[in-house]
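Paired with chain B in one complex and with chain C in the other, chain A is shared by the two complexes that follow.
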Partner chain A sequence: MTPGRSVENALLAGPLVLFLLAVLGFPTVLSLVYGFSETGFQTLTAPQFSGLKNFRDATADPTFWQAAWFSLRFGAITALLQCGLGLALAVYLAPLARAHGWTVAILIIPMIVAPAMMGLMYRLVLHEFAGPVPHYLYSWFGWSPSFLGPANVFKTVVVAETLQWTPFAFLLFLTACQSIPQDLREAAAVDGTRPWRLFWKIELPLMMPTVFVALFIRFIDGFRVFDNIYTLVGAGPGGSTTSISIYIYESFLRRGEIGKALAAAILLFATAFVLLSVAQRLLRGRAP
Partner chain B sequence: MAQLRIENLTKRFSGQIVTRDVSLVVDDGAFCVFVGPSGCGKSTLLRLIAGLESADSGRIFVDGRDVTDAPAYDRDLAMVFQTYALYPHMSVRDNIAFALRTAKRPEPEVAAKVAEAARILQLEPWLDRKPATLSGGQRQRVAIGRAIVKAPKLFLFDEPLSNLDADLRVHMRVEIARLHKNLGATIIYVTHDQVEAMTLATKIVVLRDGRIEQMGSPLQLYDDPDTVFVAGFIGSPKMNFLTARLQGGYLMLSECDGQKIRCPEPGLALAEGAGVTVGLRPQVLGRTGDQSLEVTVEIVEHFGSDSLVHARPAGSARLLTALVDNGRELAPGQKLEARFRTEDLLFFDQAGQRIR
Partner chain C sequence: MTFRTCLRAGAAALALAAGGAANAEVTVLGWPGGPEEAALRAVTELYNAKADLAEENKVELLFTSRDGFFDKLQVDLAAGSTAFDINLIATYSIGRYAPFMEPVTLSDQAGAVFGDTVLKTMQFDGQQYGVPTDLSLHFLYYRTDLIDALLADDAAKAKYSEIAMKHLGKALEPKAPADWTWEDFVANALYFTQSINPESPTRYGTVIQAKNLLFNMMVFHSWPRSYGGNWMDDTGAITVDSEAFRTALSQAKMLFDLGATPPDSTSYEYAEANAAYASGQVAAMVQWNAAAGELTAAQAATGTTAPPAGPDGRFTHIHGLGLGLNKAAENKDGAIAFLQWLSTEEAALAYAKAGGAPGLASETAAKLVADRPDLVQVGEYASTYGFVMNGGTSENALSVYEAQAKEFTGYWAGTQDLDTALKNTAAAMTDLLK
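Showing the complex of A and B:
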């Protein structure tokens, strides 16, 4: 590269770098500073360096581990459910979607709703006294599960998340399914391949890269879940739906444990970073 | 192997008829080529036989069994696609073995058949490669290998050579001809290239606008075409056509400054003054014959062994071509008599039908 060009590059990239530093770098530095300091809302301007104390506090807190476990389970289960359902729908509905493109628009409606609104909606719909779902279950069957009670709340939030985000996986898989050349299916059919074997031997292997990407995106999204659960049940009965994001929010804004919350956030960030890099390496390894 | 019989097959795509009342029989062991210009419905006809399209009416029989409504996977055919359609995630070996494994054949048999196909098609060095790493000709051979291991009732080829370069096309054409001889299989082959049709086929079906224009052996179609379309389509270089009017035992050429051609004895069964299209193959124009046309040479293409002469009859907007084996001294601008024999002429009426 000539010196003239590198100056040009620096000039052109400079504003973007500055902008990113301002919006991403500043909060990161601030988080790191507070994460390693003794601080509260009263002493925000004068943080006292306290080393790893916040991290010790966070990791010694059983609620933190409960939240981490919740996030992990929630992310894994919802990702698997969404991808499984999305894949089945995509393969099953691909011919319909090819013939009538508008049907896809109907199927992806849930994605358009803000997750926080979704949580509020379910709160109304499933409310033990005012919600239509328990009401009709009672009047038709004389019984209704307590959707938001301690026994069922995990299932309820998993189902809510799955219903909202399966369309996302569906859309990814539909695109992948439609990008498989039609003549491969035809060649397989002439080779005597029935639809079920066609799916397992031709379509699924060719969609595998998308399956990994979808699982990964959905897991990350489930792992850091906040808004729909928070508006639906808050931290949940006995903290049973406290995700790691909700844990951070509650310790920061409810309990004022700024250092501990930021330490947890840094841990979350580090975990996500490690997971992302590992997954990316795996994906790259699989690429032909 | 098998006989294929098609009866009154019709197919429409959104109201437009692409296969129009087609009936034909392909005998056991025949090499049948569907040929025609693009859009003539030849590929659709092949896909109907394969079960990749469903017929609107008519029946398809393979070895007497009615397969018209059978799904593609239940017809026991093999097809080689224009795009090859190899499974990209499988090795060459697995591609070839796929149909056998689908049929749940024992693995030792699968291995033996794959090895045999690889030997015939000289694919042994590439068995563990993925299709993406192969050249066009190799992919083509894998596609053929995938078809032959099944030992199917019918082989279907959909323009299999059109994505290959000229040299390889000639080479693969010979390979396919040899394969047909060795396997004795019934083959249905679609192409728009009449040279492929002429060289490979035992039977050619010329299609036009979804209808069968004419069918027969290659030389039958060449020597004795039923219509102007077949006459113009079969044969290379293309047949010359002159428009004329019947007048007192002569054909007055409308564009050639009053030149005329004598009618053959006992004359044409047409009314005086009727329009006629005269067909002359480039191979029959030359220096001998009982009739002639005055022409001016415009372009000469020397192939070495012979020469293709493009010459303009006086007053004509169209060039005549003549394939002559002694044309080395011919030069543009030269005036000469292009001679031909009356019995080599073909005559067509205004509807394009042959007058015999």
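Showing the complex of A and C:
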């Protein structure tokens, strides 16, 4: 690259870099300062450096680990369910989507709804006395499960998340499925390969990088879940539906533990960063 | 529309906006939506119409969303926001906001208009931080048709006693709700639950809103308080791990375990609990006084009385919403003048007539018998049964409610036992109220 081009590049990239520094850099620096300080709402402008105390407090708090375990379970289960369902739908509906593109638009509608709205919608839909689902179950069978009761609440939030975000996985898999050269399938068919073997031995291996990316994205999204659970059931009885994001929110605003909340946020960021790095390494390792 | 017309329209809009801003120099951040907003708008209009009010002291109202209102307010106050001169406060949050607010001196009439009990809901460290605009307390709501039928039927009475004997160990007899103890409340809830009494006309005997939410703890507190429970004793020692809290928590837990409250009610808050009662499938419930209109509209045969009694008497949690002075206010004189006027009888009566729910002393409330008979009952209950837990206005009061909500709902939902719940609550409260 010539020196002239280099200066030109720096000039063109400069405004974007400055914008990112202002929008992302400032909150990051502030979070780091507060994360390592003794800070409350009354001392926002005068944080006192406290070293790793906030990190010790956060990691010594059983609720933090309860929230981390909830997020881990929720992220892993929803990612597996969404990707499993999304993959099955993509493979099964690929011919239909190829012939009638508009069907895809219908299938991705849940993804368009804001997660907080989705939580509020389920709060109404599943209410024993006002919701249509329990109403019809009572009318037809004289009984309805307690969807948001202690025994079922985890399953309910998992299903709600899965129904909303399976279309995302479906879209990724559909694109991957449609990008597989048609002549490969035709060659396999000429050789007498049965559909299941075609999927298992040819299509799935070719789609594996996408499967991996989808699993990873959905896990991260599930791990940091906040809005739909918070609007549906809040932190849950005894904190049973407290995700790590809900823990951070409640520590910060409800309990005024700003330093501890930001220490937990930094830990969340570090975890995501490590996972992302590992995933990238694995992806690179799989690349042909 | 031509380009020039558009410009003219834009200029006119700007002029209007500028003019509006110049006319409104005292900005009040109020409680959005509902009767509180309507009442505040009405009294503001009355105040702004006063002939001797200077232009720079006219009042403008500012409303945001109720969602996360107190969280946003906390951040605004901590940041020294000058976007408002007067802001909303609540009894349970005064301690948290006091460092960013200034005490106010109310009008000479305030004592006679509101009475000491209600004025105290806006005090912190012995100083008055606001004008009490709305008072919240609890009623026991019950289905008069169901209770009347029960009291008139000997076979039903026998069944009631049998159920009480089986689950409470006492052959209690049905009574009028005004005479209920909490044991009667439990017995009544069990009797009117179909899974216990298949002949019950309602699916559930009661509904307890038990979402892990601080406001639900306020509804629950009347229960342990009537057994002598409190957050702290006079020496400041935490007393939550007490027989009073154990009894109340265990009695409520019995209702969850026996299905006398909907199984989903561990996710219920105000709206869901009201919907349950309004459906006609619940016989009685303890709920905020604000729900009176909604519940009686849905179930016409609804009676109200004070919450049930315990060995220490009958109690209802009370708290007030009010308006106080932002320390960073840009027009303090104008703001103080408005707050002082708001604490006069003229303003309180206008506020009540416009739909607000001020806690008024009996003489003031008597002037509203024709327009707002419910306020007479609210005022009477507040002065007779009202209480605020020791530490209930402290800086960390909200966090105390939060800690209790987490632990107590965990016990009711079966995720932990009573000893653990109380031990964790006591530890959290010791840390928060030290």
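Convention: the second predicted complex is superposed on the first by the 282 of 288 C-alpha atoms of A that agree within 3 Å, B and C clash if a C-alpha of one lies under 4 Å from a C-alpha of the other, contacts with A are read in each partner's own complex, and residues count from 1 in each chain.
Heads up, the rule we're going with is that a residue touches a chain if its C-beta (ideal position, glycine included) is under 8 Å from a C-beta of that chain, and two chains touch if they have at least 3 such contacts.
Computed from a prediction, not measured in an experiment: that's the story for all the values here.
After superposition onto chain A, the partners chain B and chain C occupy separate space and fit alongside each other. Residue contacts after overlaying the shared chain place A:I202 against chain B, while chain C stays out of touching range. Looking at the superposed arrangement, the partner reaching more residues of chain A, out of chain B and chain C, is C. Applying the stated contact rule after C-alpha superposition, one finds that A:G256 touches chain C and leaves chain B untouched.
Looking at the shared chain after the overlay, A:L44 reaches chain C, while chain B stays out of its contact range. In the superposition on chain A, A:S146 makes contact with chain C only, not with chain B.
When the shared chain is aligned, chain C comes close enough to touch A:P237, but chain B does not. With the two structures brought together on chain A, the opening angle seen from the C-alpha centre of chain A toward chain B and chain C is 150°, to the nearest 10. Once the two complexes are overlaid on the shared chain, A:P132 sits clear of chain B and of chain C alike. Think of it this way: put the two complexes on top of each other by chain A, and the tightest Cα contact between chain B and chain C is 50 Å.
Within chain A, no residue touches chain B in one complex and chain C in the other. Residue ranges of chain A in contact with chain B, taken from their complex: 181, 183-184, 186-194, 197, 201-202, 205-206, 288. Of all residues in chain A, only 41-42, 44, 63, 123, 126-130, 146-151, 153, 232-240, 250, 253-256 touch chain C in the complex they form. Put simply, chain C touches chain A in their complex at residues 68, 71, 74-75, 77-79, 96, 99-100, 210-214, 262-264, 266-267, 272, 275-276, 278-279, 281, 396, 398-399, 402, 406-407, 409-416. Residues 50-52, 71-79, 81, 83, 85-89, 98-99, 102-103, 130, 132, 146, 150, 156 of chain B are the ones that touch chain A when the two sit in their complex.
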